[in-house]
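The data blocks that follow each hold one structure.
In the two complexes below, subunit A is the common chain; its partner is subunit B in one and subunit C in the other.
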Partner chain A sequence: MNLGRMLALARKETIQIRRDPRSLAVVMLMPVMLMALMGYGIGLDQTDVPLCVYDREGSQLSQDLLKSFVSNRYFDLKLNAHNYPEMVNAVDSGRCTVGVVIPLYFSKMLGAGHPATIQAVIDATDNNTANLIIGYTQAVVARFSTGVQLDYQQRNGPTLGVPTLNLQARTWFNEDLESRNFIVPGVVALVMAVIGTFLTSLTIAREWERGTMEQLISTPVTASELIAGKLIPYFVIGMVDAATCAAISAWWFEVPFRGSVTMLFGASALFLTGVLLLGFLISALAKTQLAASQFALLTTFLPAFLLSGFAFPIDQMPAAVRVVTRIFPARYYVTILKSVFLKGTGIEPLLAPMAAMVIFAAVVGGATIRGFKKTLD
Partner chain B sequence: MFARIWQFVIKEFIQVWRDPRARFSLLVPPIIQMIVFGYAATFDVHHVATAILDQDHSQESRELISRFVSSGYFRVTDVLNNRAQIEHLVDHGRVALAIQILPGFSEDLRKRTDASVQVILDGTNSNTALIALGYVNQITQGYQQDYQRGYLDGIAPLASQRVPQVLLEERPWYNKSLEDRLFFVPGTIGSVMMVMVMTLTAFAIVREREIGTLEQIMVTPIRPLEFILGKTIPYMMIALGELVIVSMVGVLWFEVPMRGSVAVLLAGSLLFIAGVLGVGLLISTMSNTQQQAMVVSFFFIQPAITLSGFGFPISSMPPALQWLTYLDPLRYYLVVLRGTFLKGVGIELLWPQFVGMAVFAAVTLAAAITRFHKTLD
Partner chain C sequence: MAATLTAQPDDDVSVIVENLVKRFGTFTAVDHVTFQAHKGEVFGFLGPNGSGKSTTIRILCGLLRPTSGHARVAGFDVTADPESVRQHIGYMSQKFSLYNDLTVMENLRFYGGLYSVTGARLKERIAWALHMAALEGRDGSLTGTLSGGWKQRLALGCALLHRPPIVFLDEPTSGVDPLSRRQFWELIQQMASEGVTVFVSTHYMDEAEYCNRLALLMRGRVIAMGTPSQLKLGAVPGDLMLLEADSLQRALEVVKPLAQVHDAAVFGNGLHLVVPNPDAASGAIRQAMAATGVGIERLEVIRPSLEDAFVALTARASNPEAEARQ
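Presenting the complex of A and B:
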């Protein structure tokens, strides 16, 4: 490996990138755009869920129950239905996500010491939202029920002491359970995956398409020099993007940063090396820009989005898919990112994912050199 | 005019089908995307890895733990004997949840003072944590109720029957078992269609320009409208074929019900495809190289999917972004897809979506035609 030749190639590549300012602007703006889009666009928290109520009784007690629904930030009363079809229509058309039916004789049943059942119809098309809403509804009703019980006991003779269970929930790392803190660190991995594979695979496939790659091959440059020289400028761009993303996460979105900066950049460099090499390999194999870009999307962006634990928990996937997630480096990178931002654990839990990324880079690097040599023949 | 368009359509078909790589990329990536998305995109919370630390070792504590285990929401991976182990497991991300039953739990229950259960949640994934917390609440509430009833039965058999209680009966509509797959698969069909049509058409004109065949076409008597139609019709037909394939994967493989009318689905799909085609062709007429076309279409696809409500509810976005979603054709299409697949609603509720997509298609196709007209000069 000759350092001079490699640097000369890197300079050629830099000049080529600079000559196309539009693409360079895209590469530099992409992290900002993706961060803003995902940081603001992906919120899983539910507040002000549109609520529709069909109160068949209209008593003081049923109004109290309604008040306890509306008095927190989770529900927003949109419609007071006068009959059942009106409520059904509100849910069917998507105007309301929840419909609550309070039965006739609601307060009479409770006053006589009997249980009363209220019905909650939930639009479960988006079942994650539905799950969260069911949780909120249960909490509201349970609190109301306890209140009714206490009232009843106070009114009816001597209070019986009843054993109670006290649940103390402690949330670590993301104390307010904000979905933004959970999503934003992972976006860094998405940006890097796109920069790494998508853009490189296109520029290199272009050289193949135009035939300039063969000109390069005819020079005394070796395969590893060529690969390294071509990838260095993109590596620099990728690291700048990583820094931009991390800065936006920490200062704009105010995601807590609890780990070490060295760890963040070390892991980013490793991940970037792996995906850049993969991009090179893809373009050497695909040779046309259309095929290369499609392939790059399939092998890096999709895994980074879906199989990394960025938003969808790996734990919940079928066993076969869990095995597949281990192949792609995005999973390890996202683990490290979330740990560096939110957990701030020491270095020890992160050694295994680091090692996995080293192995990925080494394997793909080896394959790239071999694959490239073969295409020379 | 029709003869010329017809000739053009035949030429486009031949061009797409001649290239084995193009044939491959028409069939394989959409199916892979469907399957990977279908399995990996899930917010389900089942079998959460859980550690248990029982410091009370009583009948009561064992009863509570067995309720956690038998609920199916939790998978006990570790049974611990001291508090420090919890930290280690959560730091390494091996468990998402730890339940600690403090010493004296059963005694407190018997003495009728507050008995405490501690739950430690890894908040890194806020969504999983929130839903898991809901389940924990539900289980401890149930335990408390049963324990209270048993207790009251013991001391005052009559009193236990006279405790008023508000019960909640949840009815998740459209997706009764709250299955994530039912929610994500129709959304995936929409996203796959979008990616497919965009990548095909974004390259459609710019490739001809790069290869130089565009100038040959320009010297023929064909008019811009005919040219755009000739490009549109074959891609429209390919896209419809694609829709059939991915819908089959959804219905046959993932067993998503088809409750609505196929005609409404097809009509909606045609409008959606026309709109995306318009964007793709517009990008293609504006780009000079395939790389530019690819990058710009990525810049359209990524926000369009994020803002469509595919996995992240629109109602949780800030108002400015919510307005922006009205410019996203996928937003309307997803409502149509979920409406026809899951809800079985018809045109009477879906017509606003049709209007939205029709306006979008008219604007983008008109823009593509005028834009192409200019580039002729």
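Presenting the complex of A and C:
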């Protein structure tokens, strides 16, 4: 590795980046746009689920139950049905996602100390949403039911029933159970993966396309000098992008930041190096800019989106897919980012994912140097 | 011939090429090419497009791997040690390949950095390159804004920053105006006089005349090699005569069937005739022309040009039976 040759390349690349303000602007604005798009676009919370109610009793108590459905942000009463088919029709047509039927004698049964059953009809086309709605419905009913029980006991004196077991759940790290807090750190990883690979995947392909590579490889410059020299300016840009993403997460999306800034930038530097090198590998293999950019998207965006644990928990994936997730560095970066933002744990638990990212960068870097042939064959 | 490869090449030989073959799939771009070039020589590759000139140069620069055969440049094997070869050569590709979005000075500095030319030496070489390319005072211009001749000379300057002993120029003057072409060749001659071995490919006949030695390439094969005068004299079997007449077309019809004329072809304003015996041919031609009433304006023996040689040699190469008959 000749330092002079490497620096000559870094300087040349920097000049070329500066001379192309449009591309530079794209690269600087891309994290802002992607963060906004994905930070707002991807939410796993369900609020204002359209609700339809068929209250067959119309008593004070049934209206109280209805109120407890409507009094939170999860349900939005769209229709008060007058008969069963009207409710079914509302769910069938998609106007409402959930239909609740309160039976006749609802208040009488409860008043007499008997359990009453209400029916909920849920549109489960999207089973994830359906599961969420079932959860919300059960929570509403459970809370209402506790109130009814207390009421009953107050009126009739404590019954010698089975002592109820109470779960006092405390949610840690994401106390408000805001899915955004959980998603935004993942979005940072997604954005960095896309930008990192995009930045470098074009630079070598461009030299092949313009014919400048032929002159370049006729000089004594080596593959490692070429890659290191080109890496330096893009690394600087990538770190600025990482800082932008982190700032947007913390100040705009107000995701709690509990870990160390050093850890954030250390992990970002490692991840960035890996994906920048991946970009080089892609562009060394694909000699046109178009092929390189398509291949870059395929190898970074999709794994970072699907296999990083960003939105879809890795634990719930089939074993074979779980193994595949270990190949992509996005998984480790997401782990670290979530920890740095939400948990604020120390460095120790993060050493393993850090090491994994070092290994990824080393393997890809080695493959790039080997894969870059200084010939036109 | 293998013995010359294993033996230490003497100081004078800067490039040795032996049975070089390059195939792309089923297409043979370079077909058993063998030659040597000496220090300070201007060695020309002459041939039509696709004859293997660029491929041969690229192999010698270590940019393409030969399918078989050997090549040594500056004492280093191009297959085994391409990096050492690259230290000792300057290469200028056919297509302009400097960075258009860099200024003249930035391009020079960049290549200076790649060739490890630094400090006072870099300053001196950049000054030399700017002077040579007539770009003094324009060092801050974006390279993309320069016209063809300047770009070409700047590319040469970049390729020569490290004073390589061997230079490969692949069609350096294509798309360059005649004045720039002449200046370019003056530069080449000057380099050669300083002991630099210069390889040039071209399809301009007039440029080929400037070379010390020429290899004539056709379909990947060297069909003739020698100094321009050797080629001219050796290529034409017999003598060459020039015939100018009122009607070239009719004159051609008249002289072509004559037994005393081996070959006839239109060449500029006249016909070039290949004849074994000028005196006998002259009589037969005058007689035949008079009989058909075509007026002769000029009929004389001339020295063959390189173009004549090229035409004769390529005709012979593409028709091996005719060669066998002669």
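Throughout what follows, the second predicted complex is superposed on the first by the 345 of 377 C-alpha atoms of A that agree within 3 Å, B and C clash if a C-alpha of one lies under 4 Å from a C-alpha of the other, contacts with A are read in each partner's own complex, and residues count from 1 in each chain.
Following the convention adopted for this analysis, a residue touches a chain if its C-beta (ideal position, glycine included) is under 8 Å from a C-beta of that chain, and two chains touch if they have at least 3 such contacts.
Remember, predicted model here, so these are calculated numbers, not experimental data.
Peer 1: Following the overlay on subunit A, give me a clash-or-fit verdict for subunit B and subunit C.
Peer 2: Because the two structures are overlaid on the shared chain, the partners are seen to fit without clashing.
Peer 1: Counting residues of subunit A touched by each partner, does subunit B or subunit C come out ahead?
Peer 2: Comparing subunit B with subunit C, the partner touching more subunit A residues is B.
Peer 1: Considering only C-alpha centres, what angle arises at subunit A between the directions to subunit B and subunit C, nearest 10 degrees?
Peer 2: 90
Peer 1: Applying the document's definition of touch, where does A:21 land relative to subunit B and subunit C: first, second, both, or neither?
Peer 2: A:21 sits against neither subunit B nor subunit C.
Peer 1: For A:4, select first, second, both or neither according to whether it touches subunit B, subunit C, the two together, or no partner.
Peer 2: Touch status of A:4: second partner only.
Peer 1: Looking at the overlay, does A:302 come into contact with subunit B only (first), subunit C only (second), both, or neither?
Peer 2: first
Peer 1: After the superposition on A, what does A:220 contact: first (subunit B), second (subunit C), both or neither?
Peer 2: second
Peer 1: Taking the superposition as given, does A:212 touch the first partner, subunit B, the second, subunit C, both, or neither?
Peer 2: second
Peer 1: Kindly classify A:12 by the partners it touches after superposition: subunit B alone (first), subunit C alone (second), both, or neither?
Peer 2: Touch partner of A:12: subunit C, not subunit B.
Peer 1: How far apart, in Å, are the nearest Cα atoms of subunit B and subunit C after the overlay?
Peer 2: 15
Peer 1: Using the superposition on chain A as set up above, list the residues of subunit A that contact both subunit B and subunit C.
Peer 2: Shared contact residues on subunit A: none.
Peer 1: Quick check on the complex: what are the subunit B residues that touch subunit A?
Peer 2: 21-22, 25, 29, 32-33, 36-37, 39-49, 90-93, 96, 108-110, 112-131, 133-134, 136-138, 140-141, 143-144, 147-148, 151-152, 155-156, 159, 161-176, 178-180, 182-183, 195, 199, 203, 207, 289-292, 294-295, 298-299, 302-303, 306-307, 309, 311-313, 315-318, 321, 335, 338, 342-343, 345, 349
Peer 1: State the interface residues of subunit A toward subunit C in the complex, per the touch definition above.
Peer 2: Touching subunit C from subunit A are residues 2, 4-5, 7-9, 11-12, 15-16, 19-20, 210-222, 374-377.
Peer 1: For the complex, give me every residue of subunit A touching subunit B.
Peer 2: Those residues of subunit A that touch subunit B are 22-23, 26, 30, 33-34, 37-38, 40-50, 65, 91-94, 97, 109-132, 134-135, 137-139, 141-142, 144-145, 148-149, 152, 156, 160-175, 177-179, 181-182, 194, 198-199, 202-203, 206, 286, 288-291, 293-294, 297-298, 302, 306-307, 309, 311-313, 315-318, 320-321, 325, 335, 338-339, 342-343, 345, 349.
Peer 1: Please output the residues of subunit C touching subunit A within their complex, sorted ascending.
Peer 2: 58, 61-65, 82-83, 86-87, 89, 91-93, 95-102, 106, 109-116, 118, 155, 158-159
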